[in-house]
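Two complexes are shown next, each including chain A; its partner changes from chain B in the first to chain C in the second.
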Partner chain A sequence: MFRFLMKGMLRDRHRSLLPSIVVAMGVMLTVFMFTYMKGIFDDFFNNAAMYDSGHVKITSRAYYEEKDVLPNDLALEDGPGMMAMLRSEYPQLNWSERVKFGGLLDAFDENRETRAQVGAGGIGIDFFGADTAERNRWNLGAGLQEGTLPQKPGDIIMGKTLASQMDLKAGDDVTLISSTVNGSMVLNNFHISGIIYFGTPPMDKSMFLADINDVKSMLDMGDWSSEILGYFNTSNYKDLVAIALATEFNAVRSDPNDRFSPQMTPMLDDAGLRDYFGYASKAGSIMSFIMIFAMGIVLWNTGLMGAIRRYGEMGLRLAVGESKGHVYRSLIIESLGVALMGTIIGTIFGLGFSYWLQEVGFDIGSMMGDSQMLIPTIIRARITPTAFYIGFFPGVFATLLGAALSGLRIFKRDTASLFKELES
Partner chain B sequence: MDKSTLIKTQGLVKRYPVGGGHFTALKGIDLNVNSGEFVGLVGPSGSGKTTLLNIIGALDAPSEGTVEVLGKDLATLSGAQAAKHRSAFMGFIFQTYNLLPVYTAFENVEFPLLLLGKSAEERKQLVMQALDWVGIADKADSRPKMLSGGESQRVAIARAMVKQPKLVLADEPTANLDAKNSHHILETMVKLNKELGTTFVFATHDEKVISYLHRKVTLVDGSIQSDETS
Partner chain C sequence: MRNLLTSFLLLVAIPGFLMAQPDAEEILRKIDKQMVTESAEATATMVITNRRGRETRITSRSWSKGENTSLVEYLSPAREKGVKMLRLEDVLWMYTPQADRVIQISGHMLRQSVSGSDLSYEDMVDNGKLLDLYDAAVVGEDVFMDRPCYVLRLRVKEGVEDVAYAQRKVWVDKKRYLPLKEERYAKNGTTLLKNFEIRSVMKIDDRWYPKEMYFKDVMAKGQGTLYIIDDIKFGVNIPEYMFTKAALRE
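Right, the complex of A and B next:
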């Protein structure tokens, strides 16, 4: 009997091929949209963590209060001591020092006359430390447009748009006009070793990276540390763990009455990201739900139509002597087969397109204009374990539900009207 | 019930709810059909002949009265038991053939045997025998869309006859056929009735069918008006 029904299913494209294609398309879209949204949200948070907040950030309480104006004069004292303690007591995180600063960048000609001046921001990172993870974290090699990464003290790399705006290229020198932590004016020459494409509009338009020791020296910071960022070694942010770490750290080492005592801040509490994260999570969940629900309706309808169009066949089978239960079960099994086939194919194709978008990406840089958000110009999908099974919700459950509900009419059917129905 | 009595109805009443009241389709039918009869329920549309056929076929239940088919009181059967009863002892022939379009003639005829759990070898032998009875063994591999109306109805008859049921219920079996095909079909059924002893009960108002009946039970407004044996 099973072979007989399978034979009918395979021969009838309206029962097998077409519903499978509809299910596969729906599942493919579901998987692709899920990974697309996941990629956008993850990229935003990864960028925020990489450029600005880390997974946790340690500053002085005073620095944190006034962080918007980059108050390096309120930095933590004994940065090396703090780094040594963190590496020893919190080995589950990778620790990096950062100094953010600003100033006026001056580009000069062969007579050392100013030819361009632009207000710019700089970040001091550890380029040359023996165990530095910053080069890999920033993935600088991939974005290098010309020249090299900093090879020696005094080298910097500059955002592509900023360099273009000032007509600078690798090999040129620039002067930064800024002020030390003591309030004195400082002029410091840097050598541009390379031009880099960060892939994030605000970074490309106004930022350069210098070695942290050069920056500290220029700003007269001595062994002070403005910001110490911690990154989980597994690379993913874990909010509950970060909160627990910060709570423990602050309880032991932070003194509310001492403005210069250290304070650990979890990523989401830095710069109001928690609100944004909450909003993004809810928006993502709602969008996923709507997408799965909409696909569910489509695929439920596929199951429904598949059963309704075979109403005559079922009537005949009942009249010939097949029990209602047997007809119903065969309908469900058939629907399950179609749903599984369509879902597996749809998931494979959805993951394929997602993989392409994850690896190649889609450049929307030209559409971003003067955006100041730390979001990448290349949209990428992100394949997570959930992407492997999320399509099964609309693909299998909705299709089965449609078949099951329409099939229920078999039981409610007035058997006596079979002759009339079959003859209509 | 007498051994030769296949169908016995007593005081059969069937009411259908209509609006606030009800419509009485059958008004106290008493009918006996013996094994091997070739009998027709004859009457105009709305006379109750299809309703009576449905009740005999365990597809519907009467509002009052009893019906016994092959010694079974149909009122005592559950839905599954009624389906089993139909599968084991009854064949159905419809006005519109109702062949399954994705299956060949062979497979359409084979279907009732699958429900009975017959072996593949037995099925093959019985199906070819049934197709041979109705004269279309050469069309065994044809799909319904490749068959004419007459050929399709012959496949439907083969499907009803393949399990050699004791009773075949046919509802207007010639309504969609021309005169030549109608006669061919009816002659086939007469032959099967004679050779296999199968009881045929028709619901019809087609004069061509009526001319072949051995017994004509005329229904008018849900009551038996006459019962004539030729």
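Right, the complex of A and C next:
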């Protein structure tokens, strides 16, 4: 029977090729849309974690209250002690210190007179530590446009747009005018070792990266730490784990009556993303559901049409004595074959396009204008294990359901009227 | 008879009152005479208490000539040593030896805190005559730190721009003509920006001059800044080259 069905399917392209193509298209679209949305949301949260909040962040309570104005004068004291404790007691996270600061960048001419001045922001990260993970985390090598990454103290790398705005290039020196933690105005010269494309508009337009020790020295911070960021070693952000960790840490080490005691904050709370995360999760689920549902309707309809188109054939088969159950089963088996073939092909193509978008990406930088959101200018898809089977829901089940529902008509056929139907 | 008596009392009392109450301009003129110097050389200590309750002491030497030319050089702590600020007319230049750069401080930067203190760069170099900048009115009398004071309301004169405080309320010592207390306001006259007090005074020759001044920036969260003049000489001869940009690097 299987051979008979296969022959029939292969000889009648309307029974095999067309439905398979429709199923494959629908499944491909479903898989691609799923990975595309997953990529956008993941990139947004990963960027927020990398640039700003880590998966958890430790600051003093006072710093956290005013974190929007970068109050480095309210930093944690004994940063090295805190780092040692965290590495020993919380080894499941990788810990990095950061100092964020602002100021005026002053480019000067050969007479050391001001040539251009622009407001800019800086982040001090650990470039030279023996066990630093920051270089890899920021993936700076990939974005380097000119020069090198910092090689020695005093070196900085600068966002491409900022450098272009100030007419600076790798090898130039620039002065930063800022304030120490004591409030004194400080002028500090930096050497631009490289120009970098962060791929995030606010970073490219106004940021530079310096070694954290240079920054601490410039801001007269001694061994204070403004922010200590923790990243899960083995995974992306896990909200429930981060909340549990922060609750435990704060219960033991944070004192609500001491403004300068440490406080751990999960990423979603620190970056003010908890509502957005909830919205994004719901929106993602709803969009996936709508996509799957819409594709399900289309593919159900494909199954339905496939069976209805063969209404006459079914009648003939019943008329020559084939049982209704046998006809129905053969219809379902055929449909299953078409659905599986279409779904597998669709999934392969969907994953193929997703892989391309994941690796190459799609540059939307020119459309982002003056966006201040920490989202990348290159949109990338993200292939997850779910992407390998999500297409089977609309591809197989909807197609089968369509065929099964339309096939029910078989049982309602009256054998006595079959010849009349055939004659007409 | 009663009318005659009333008229007599008025004739006697009004001139007496007017004599006892100098007009506001006259008070400003006397304040300027005490506070504005033709030339001076001073050593001062600024005691800054930050919002962690920690104290920083910055010593400086300053030279001034006329109302619009002055130079300040930091002597300590080590991190600040050698930093210089030069005011030439309306322009303020800053030099730091660490960066070996001379930077013009202008616009909103002039309103920034000097070394984390409650003084802004504008406060630091301010030596202008109140009489040239403000219209004044006597609005009452009060006692501050056991000294009888006139209370003046100052409003910036029409056409005068680039004044740090558009309005001031000043408690002026009736005898020494020093502004013992000030509330310095923004343009709207209701937003208080800074409080200022003279906490002790000294007499040099026949001039009363502040010895200890207290500044509190209302917006800042620190505990205020004490500015102590350790030593001051008036009428000194200061070479012109000191007030040049080139001299900042020396």
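Here, the second predicted complex is superposed on the first by the 423 of 424 C-alpha atoms of A that agree within 3 Å, B and C clash if a C-alpha of one lies under 4 Å from a C-alpha of the other, contacts with A are read in each partner's own complex, and residues count from 1 in each chain.
One rule holds for everything that comes next: a contact is a pair of C-beta atoms (placed from the backbone, for glycine too) under 8 Å apart; a residue touches a chain by one contact, two chains touch by 3 or more.
None of these values were measured; they are calculated from a predicted model.
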item	value
Combined model on chain A where chain B meets chain C, clash or fit	fit
Centroid geometry (CA): angle chain B/chain A/chain C, rounded to a multiple of 10 degrees	150
Which superposed partner A:Gly325 touches (first chain B, second chain C, both, neither)	first
Chain B versus chain C as contact partner of A:Gln145, first or second or both or neither	neither
Touched partner set for A:Lys7, first chain B, second chain C, both or neither	first
Touching partner for A:Glu313 - first (chain B), second (chain C), both, neither	first
Superposed arrangement (fit on chain A Cα atoms) - minimum chain B/chain C Cα distance in Å	86
Set of chain A residues, in rising order, touched by both chain B and chain C	none
Of all residues in chain A, those that touch chain B in their complex	1, 4, 7-8, 11-12, 312-313, 315-325, 414-416, 418-420, 422-423
Footprint of chain C on chain A - complex, ascending	73-74, 104, 106, 108, 112-114, 175, 177, 179-180, 182-189, 220, 260
Chain A partner contacts - residues on chain B that touch it in the complex	50-51, 53-54, 57, 59-60, 79-80, 83-88, 90, 92, 94-96, 98, 100-103, 107, 110-112, 114-115, 159, 171-172
Residue ranges of chain C in contact with chain A within the complex	48, 50-52, 56, 79-80, 94, 96, 98-104, 109, 112-117
